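Going in written order, the chains are labelled A, B, C and D, and every chain counts its residues from 1.
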Amino acid sequence: MAIILGDHQYGKAENRIVRIVRDAPRHEIRDVNVSTALRGDFAAAHLVGDQANVLPTDTQKQTAYAFAKRLGRDSIEEYGLALARHFVDEVSPVTGARIEIEDFAWTRAVVDGVEHDHTWVRNGQEVRTASVTVEGRGDAQRAWVTGGLKDLVILKSTGSEFRGFYEDEFTILEPTTDRVMATSLTARWRFGTTQVAWDELYAGVRSILVDRFALVHSLALQQTLYEMGRAVLEAHEAIVEIRLSAPNKHHFLYDLGRFGLTNHGEVYHADDRPYGLIQASVTRDDAPDPGPAWHQYTGLV
Amino acid sequence: MAIILGDHQYGKAENRIVRIVRDAPRHEIRDVNVSTALRGDFAAAHLVGDQANVLPTDTQKQTAYAFAKRLGRDSIEEYGLALARHFVDEVSPVTGARIEIEDFAWTRAVVDGVEHDHTWVRNGQEVRTASVTVEGRGDAQRAWVTGGLKDLVILKSTGSEFRGFYEDEFTILEPTTDRVMATSLTARWRFGTTQVAWDELYAGVRSILVDRFALVHSLALQQTLYEMGRAVLEAHEAIVEIRLSAPNKHHFLYDLGRFGLTNHGEVYHADDRPYGLIQASVTRDDAPDPGPAWHQYTGLV
Amino acid sequence: MAIILGDHQYGKAENRIVRIVRDAPRHEIRDVNVSTALRGDFAAAHLVGDQANVLPTDTQKQTAYAFAKRLGRDSIEEYGLALARHFVDEVSPVTGARIEIEDFAWTRAVVDGVEHDHTWVRNGQEVRTASVTVEGRGDAQRAWVTGGLKDLVILKSTGSEFRGFYEDEFTILEPTTDRVMATSLTARWRFGTTQVAWDELYAGVRSILVDRFALVHSLALQQTLYEMGRAVLEAHEAIVEIRLSAPNKHHFLYDLGRFGLTNHGEVYHADDRPYGLIQASVTRDDAPDPGPAWHQYTGLV
Amino acid sequence: MAIILGDHQYGKAENRIVRIVRDAPRHEIRDVNVSTALRGDFAAAHLVGDQANVLPTDTQKQTAYAFAKRLGRDSIEEYGLALARHFVDEVSPVTGARIEIEDFAWTRAVVDGVEHDHTWVRNGQEVRTASVTVEGRGDAQRAWVTGGLKDLVILKSTGSEFRGFYEDEFTILEPTTDRVMATSLTARWRFGTTQVAWDELYAGVRSILVDRFALVHSLALQQTLYEMGRAVLEAHEAIVEIRLSAPNKHHFLYDLGRFGLTNHGEVYHADDRPYGLIQASVTRDDAPDPGPAWHQYTGLV
């Protein structure tokens, strides 16, 4: 009935790295938030305070910035793979490394109708995400990559119903055949390979998610999420599973009738809390075991 | 040496109103955050708890939603003027009303290269703002309007210097002739009239702010702000004063030399705090007295 | 190679319920944030938009508020168990329910040295947490409960070292034998039973966590976390596993020597990002399988 | 009709300084957020980019940290006065300086019933605030000081009414003789002198604010605010004016009657937005002119 150390990992979270590519007059910008985590033989640090195997989190930070030079041309997935492999290959006590990245988009400023060479405006709350997990060395080395996005806030003003639902003694909700549907989508997809055109694929997935949200006549947010996931898997062989989490950001039709005004789906109150929260995974039936692909680091608090 | 009641106001803050215009298959969306404040003869409520003159904040909320039907076609400034005038004209104890509005932008979803009729994606952290203050009735009624924006995050990767500054015994900063300059701009401008093409003017001002940030070779953020303000006043006769507040979001060149790597303005750390904060007003020398135009309600905490 | 629906759940997140117990002149307050999630036979909602099995999230909200009457006397764990069992027992399509709760503490206002009967001040950012998962009906019903806390911000100004660590070519950190150590602790512990004096146990665990942070001479945050976890398990038989996640909130000694001032561990810069992040589990070697105990709902985004 | 530079100021905002006093085994901690702003002859920086008069914001930061050694024994007001006077006295282009400070409270960890010498837990969201403005040199030098607090979240479960209010066609609110009243109080008070026992006075003011909130039977939040302000001015001669801003954090009685349950003021929904917002100043009728005392720096965005 002993007490033992269980799973453990450590790293440097939220390195705010900005990379400017300035080899030509038209600069490029990459703005990322990088978190690193190492797994391995660190029991002595926990049990007796012996740091001999502990690569400092400060060193992980220095390494993340040093490797950022390659971020200009590479995608965040390639950067993450290189960084994770470095820790596993070069730091002997490390048996696994996980890199989590948020990628903030900037749009070129338009001046006199022309995109400017070295000025950008931050666009959107929307954030592209990725995770890379690498385990083992040499021929035994394996890598798991997920892509994703979060905070994609999207709304449709019609084309959404919710009716025919299960009712019990606490059910007072009225069914509706026309409502506003809005969410702030989080999606994460798992790749079955690391041979991917990462940036093109990301643009393609994002486009499908928006397309399905707009075009599917929704009988429930559940249905919309499934249709999103299915369409992504159908279009992209490299993706074996996609996980979707979608708050139902309620827009309540405001009762103006008491003031003698009609409100035919025109004036809404956008409520903060509570919110519905719908989560689903869509997967291939032959998807390989996810291994550590979904073992989060910074998200799990 | 008596103790007396000083300035006071009250209202309903942050009414989250979404207005859908659906008269045609191509819907429109307006997504706003409306705060109302009333000023007037409310001393009895403070001094003896007598509410006879107090229009409830709940009533102000109902009124804000009821008036939202006009938001579809009108600008936020017109909506604010109508709402403020209603309170001053119709509620006898009220001598002045202030309406503050945040306007959140949405972009139509693009599906198969075509803008969708009733689906949008929230774009940007950037928020358009306005305030309306109305005092008095009938011929004595006056109105003050300000427009603005906040959280316009903008960055340039070159074209910015900072050198030749004042030095004292605590000065260790190195001068630079090439740095990243970034800010999250807040701007608010005061109108000298209420006869304005509000939406067109807003687009024009925003464009000038971005243009000046991009094109002015900056010797200091102070200079850039002044050039922004001057250009706005030169282009828009309706504006008599503009106030700008700009955090200098520091991007520190990362020292990679200790790892044998060159870093020619390529890899930066985007720091959170502290940040420089530069504030300036640019005004016409014959600008009318601002009166209550700048007397904030929700911002002043 | 078909595409199929994977794991899915849905519910109402962040019901902000305040419960006043007012049977006596000395009132009591409970202030909670309740999220509900249902698991079960909901494939038809995803696949074809059929809601016949879907208990609306609005109904889940109504139920959470209705059950809140018992919150006054009961602990959050008992409330969660009752609510979860209700969904599983009474709603036929539901095979499992998960309830996640945040509990915000209030302290009685002290007036003239005496605790007031019906006025409180919110204390701390610190939040008590719990999760309850119930699966199955009748004799086959099982329940998993976790307790926890988050945002316990704690700091010690001495008694912390970090030296003797692994070094590579990116290591520039200097070892230290005396530093500030600070964190914002998240801890979650899993119970092996539902026969627990929940509130007393919570107070006991919190006290141990603070005690160990203060008294253990720390050679690394890793060591402190393990000692925290071990002490909790040693003191509380009902707990079979504890998971700890601790950002190392860096306090950098400020270089005042360049201004001719000494700084013997007196003036620090509290940095925001990046931060170290240390995570560890401490467990009994005979702990039962966790089952769905750690399968988060609202935390996983 | 020229365009001219109006008011302007600049500085370094949000220096996160932690000061440990460790002259004895029982350490002390001060945790502050310091913002500095300089006013003076900086037109050339704005108009032509000439920095000769501009003391860098980085230098202001260094100075704030260097002066932090005195924070251990001194109050935040004394620290602010010293720092502001330094800028005005020693930096020739500076004619005025404003220092704004947030002071975060920590409570000693209690271990085995005894306060620990060097471990603390952050308590409360509540923040003590201060501002110092200094203008002029030598005999002409003047100083204005304000104290304050923000985010004091306080609630009473009875002893609050709201009825007898003004009604119009948009009024649907029901009067009540017993409701929950809750706010997150912001208060700022202006001193008529700099000869003050700052820390004792702060504790006294905070105590009065809580006392009045608890003991005044409230007919409106307006009345409670006025009683708070009056009591503070009556008790503290050094204070000449106090400004209060109080969101009415609505707690709506939840309708459980539709489920056959009584709800005698027991179960509430704590709503996020919108919220009432009540603001008032209480002042002495012979209060000196406030001068620049209320001219905010970081708050005004």
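Quick note on the criterion: contacts are C-beta pairs under 8 Å (C-beta built on N, C-alpha and C of every residue); 3 or more make two chains touch, one makes a residue touch a chain.
Values in this document were obtained by computation on a predicted structure and should not be read as measured data.
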item	value
Starting at chain A, fewest touch steps before arriving at chain C	1
Interface residue overlap between copies chain A and chain B, same or different (over half shared)	same
Distance from the mean Cα position of chain B to that of chain A, given in whole angstrom	31
Separation of chain B from chain D, taking each centre as the mean of its C-alpha atoms, in whole Å	23
Inter-centroid spacing, chain D versus chain A (mean Cα positions, whole Å)	38
For chain B, residues that touch 2 or more chains besides their own	15-16, 62, 66, 170, 172, 259, 272-273
Residues on chain B engaged by chain A in the complex (per definition of touch)	15-22, 27, 29, 31, 62, 65-66, 68-69, 72, 106, 109-112, 116, 118-126, 152-159, 180, 210-211, 213-215, 251, 254, 256, 259, 261, 263-272
Touching residues (chain side chain A, partner chain D) in the complex	169-170, 172, 258-259, 272-273
In the complex with chain C, residue positions of chain A that touch it	1-16, 35, 37, 42, 45-59, 61-63, 66, 90-91, 93, 150, 162-168, 170-173, 186, 218-220, 222-223, 225-226, 229-230, 233-234, 241, 243, 245, 247-248, 273-286, 296-301
